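Same chain, two partners: chain A is paired with chain B first, then with chain C.
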Partner chain A sequence: MPATPMSKAEREPGHAHNQASRVFDLSVHSLRELNQALHKLTPGSNETAWEVLNPKGSHSVAVGVDQPVSIDVRGSVGYYCAGMNDGAAITVHGSAGPGVGENMMSGSIVIKGDASQYAGATGRGGLLVIEGNASSRCGISMKGIDIVVHGNIGHMSAFMAQSGNLVVLGDAGDALGDSIYEARLFVRGKVESLGADCIAKEMRSEHIELLQALLDKAGVTGVKASEFKRYGSARKLYNFNIDNADAY
Partner chain B sequence: MCGIVGLFLKDKALEPKLGAMLSEMLVSLSDRGPDSAGIAIYGAATGNEAKITVQSPKPDRDFRGLDAELAKAISAPVSVAVKSTHAVIRTTPDKVDAAREALQTLRPDIRIMGAGEAVEIYKEVGLPEAVVDRFDVRAMTGTHGIGHTRMATESAVTTMGAHPFSTGADQCLVHNGSLSNHNNVRRELIRDGMTFETENDTEVAAAYLSNRMAHGKNLGEALEGALSDLDGFFTFVVGTKNGFGVVRDPIACKPAVMAETDQYVAFGSEYRALTKLPGIDNARVWEPEPATVYFWEH
Partner chain C sequence: MTYRNPPTTPRKSATFDDYTLSEIRRAAATGIYDIRGAGAKRKLPHFDDLLFLGASISRYPLEGYRERCDTSVVLGSRHARKPIELKIPITIAGMSFGSLSGPAKEALGRGATLSGTSTTTGDGGMTEEERGHSKTLVYQYLPSRYGMNPRDLRRADAIEVVVGQGAKPGGGGMLLGQKISDRVAEMRTLPKGIDQRSASRHPDWTGPDDLEIKILELREITDWEKPIYVKVGGARPYYDTALAVKAGADVVVVDGMQGGTAATQEVFIENVGQPTLACIRPAVQALQDLGMHRKVQLIVSGGIRNGADVAKALALGVDAVSIGTAALVALGDNDPRWEAEYSALGTTAGAYDDWHEGRDPAGITTQDPELMKRVDPIAAGRRLANYLKVMTLEAQTIARACGKNSLHNLEPEDLVALSIEAAAMAGVPLAGTSWIPGKNGF
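Up next, the complex of A and B:
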């Protein structure tokens, strides 16, 4: 087995489609080979398009990529896909297990299916789009990431969310935004319940503008920013105050 | 951690492959728990035969001549099929309690893994691959089954501490998580006549469900009760003679994914466990909701 797989162009010289693309079949090559090849990328590399075949629920697919390449993963992935992404455009043509896009710095991640628990947890930047549903703890402790979920999100989402935007076209589960700091939450459907110190807030023109820009960026069409409600921090729990003891 | 799997077949054509499919699912989750592994497989109940799965630390000594001695003690036909450290004792359904009692005297070191008309349970310390090979699980046929690979947190790594746990006829349970009120619940169940083999938290969950069902609840109702009476982290997969159920605690930290096609309903701690099932690419795949009971029956 070669240490690094041949590019699609090398393997199939007559292949006209995207000569620059490099195909990694995880039923042939190991996950470590894939991630090391991605980590070896340097600025200005010609290998700007990657395709990953047969992920079959593998953990940690395409973690720690720090170059602006595009990566298409054909199938469903397990834990921690695309974690720490810093600049790549990663698309999963399937569903993602727990912790997708954890601590993303920049770039984009698109999940064509559903995402499991704590999608986008602690993310500091970039855009995470989930075209299906996300389950519990979506955007937990988010710190600047933008997350757009086409479907619903589960309970305890945006727990201790510090900054960034969480946009939900469907419904939100119990205890949305519990102990939230300065992240903005936009929900189009119903919210099962709000967590401690999270309140509904007025949608002012600047929020409509911001939300519309996010929807456009995420490729969402046929949905108006005015259909959403905004939720955020009541700012009562930032510092301990004995009068608020019941709220903790 | 811990890895759990379940497979409930709708298509009879798959029944000869149940053991192979379930084994494949369990082995794929080996890195979720290397301590011990176990599997419960349900074959079709005939109504005129009961099975008791037993385990012995010294199978050569304990299983030799057991069929004749037990048959004499309970005055009924008995067969004993030995598989490594386990054996399946077959007799008539009305003689199960008598056989349990006789075994205590005839073979005091034997432990009962489970009993019923349909279920056989095999569990041992070791990796799933080794356990599956030891008991030739891949060759087993059946209608549904559950499996577990354990990373121990609440009690010792022993055969008896391995899952599945069975506390009632044809009932068994596998668990990913840990219960925090198991000592209290165990005390209450002991007062109600239940008996326990281990200090394990999962055995308490299994006994809780058996106890509820003994009080007339169906599997779904028993699982609903577990949501209010058991405190802690859990994803449970439960097998009964005809059915298969799943429930997760309201916090739902412990992972779970399910798939359904016209041929089967499958459960795995992770999607990895489901990837080799037939037709998985077109299956309906979803994450079971927290605090929601799912069950299927034949």
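Up next, the complex of A and C:
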């Protein structure tokens, strides 16, 4: 959980702001123009609401944004949408290709549709919400990000996950949390299988509290934290022991 | 007196030599493979197997101490808005904070800056000492993504996407628990004291088509300013170079098997990958076949030790070389002044390679606060700068003798090989003959 108070963008991920949006049509302007315009934003800028039209599966839409603006992408995007986001509230009104929100630092990303593989890879902070399903390797190598998936996630998710929380309202595929470090995984549905060194853990009151706060933050209603199981590291592979070599 | 048959001299097996026997005993006692630092130690075809011809009647030399011989190189001119300009074609290779101490990283930055060249981060993120003391800093983008963040990407001078390294093509990094100090643990978002084994594959892309999209993302994040390098281990240099170019790299870095590592399995270091000498011509050929030689720059590393090695690499078509192990030696690694302490660790100066254990008497490959005090970053940086200066002067001496007013004008025709193997690998004639093995069907 972030130690700092939540920004408006975090409290209301993806909610449209009242003032007029700056509209950027990718069928007219180039991707480079969009990203450079976003990078030129300075603290206190009035251009706090952006709308991106006609993404048509473009890669690297709204990457490296470091100001607390809202960006609504109207359509589906390709690879690495919102990569390395640092503070923006980005909503994709469609589906997202591989690596959405990779290495996010802070802020929020909401995917209204499904997400392809590597969603939230290596993310360090902020909140990634996927309202549909996420494919394989969701949360791979995550380092502090919170990820909430309304649907299911694919195989090898949370591989080598170091820190942060992955919440799945549906099912998880094979080898969940393989070689996991200190990340917490909460799955409401069925887990196909657990990866090396990943085990089911007791849901204590602090975990229920943490999970409920995450569900609230992600706008999930009608689901109780107590319906989830928690998974995490058995910590048996933290220091090499020849007798554990068969685990790999 | 009775006649006794004369005894034969006790003979040890060339196959089961002393080292092999000791390794079998060590494996039997511990049940774990041997882990060590540095690169391949076995004898390999190398730059020593090449000679320059120098000038003669058909070639005339430049005045050795008077005429200018340019050493500068520009890296990243293909796509980057801000290419890197270096005074010398010798850069410092990526070595992580974590595997190296903070003072050692600072010394590398100081030495590189004094010499007008670049240094490179490693698998542990960018430290303030390194950024602060490095005029030109290359930021590595590794599978682990430890410490990766957009602010550091933007304050880097170039970005190096690391696919592999020569010591372990196909393997990830390793940092054992004893080196995971509080600071290292925080930078890597890991618990203190655990054995940290980095991933060998990038988490969010696989294959050349994905790499192209990943490079696009990095360019978009940094507004197309930074040169983007792609570093590969010396595995399939022709195809890896061609695919890196296709993916949009500005610079390709090829690291041969003599290139060092902080720690990996001995069996990996000695048995996977190709020698540096064997990697150069295929990489150059790939660039030439694509019409990209000198447009996409090629950096080669792994076992570069002196100005002759630099000159030979450049003559074979390389734009710059990179040094790691040699730079550490210039800082003070394996110095005989610490012999008593090396001996206490069961080794000797010149052979110490247990860099992963964190007990380096020279204070370089350690996170021990007392040991690392032994590195004075200012003095060590000066030594590195001196060494780089000597290498550059040596390379210039050879280039002038070959009649070249720039190191980059050296060419394969300036070289011959001492062995058939080296002739075949380098694509230059065997000395005293016009025979290039493998060329023209012979």
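In the analysis below, the second predicted complex is superposed on the first by the 228 of 248 C-alpha atoms of A that agree within 3 Å, B and C clash if a C-alpha of one lies under 4 Å from a C-alpha of the other, contacts with A are read in each partner's own complex, and residues count from 1 in each chain.
In this section, a contact is a pair of C-beta atoms (placed from the backbone, for glycine too) under 8 Å apart; a residue touches a chain by one contact, two chains touch by 3 or more.
Because the structure is a prediction, the values reported are computed rather than measured.
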Applying the touch criterion given at the start, work out whether A:Lys56 contacts chain B, chain C, both or neither, answering first, second, both or neither.
first
Is A:Pro98 contacted by the first partner chain B, the second partner chain C, both or neither?
both
A:Arg74 contacts which: chain B (first), chain C (second), both, neither?
neither
With both complexes overlaid on chain A, does A:Lys229 touch chain B (first), chain C (second), both or neither?
neither
First (chain B), second (chain C), both or neither: which does A:Asp114 touch?
first
Scan A:Gln36 for contacts with chain B and chain C and give back first, second, both or neither.
second
First (chain B), second (chain C), both or neither: which does A:His155 touch?
first
Of the two partners chain B and chain C, indicate the one touching more residues belonging to chain A.
C
After overlaying the two complexes on chain A, where does the chain B footprint on chain A coincide with the chain C footprint?
78-79, 98
Chain A touches which residues of chain B in the complex?
250-253, 255, 257, 270-275, 285-287, 290
Give every residue of chain A touching chain B within the complex, in rising order.
56-58, 76-79, 95, 97-98, 114, 116-117, 135-136, 154-155
So in the complex, which bits of chain A are touching chain C?
31-32, 35-36, 39, 59-60, 63-64, 66, 78-80, 83-84, 86, 98-99, 102-103, 105, 118, 121-122, 124, 137, 140-141, 143-144, 159-160, 162-163, 181-182, 238-240, 242
Can you name the residues of chain C that touch chain A in the complex?
30-32, 144-145, 148-151, 153, 176-177, 189-191, 193-195, 199, 203-205, 210, 213-214, 216-217, 220-224
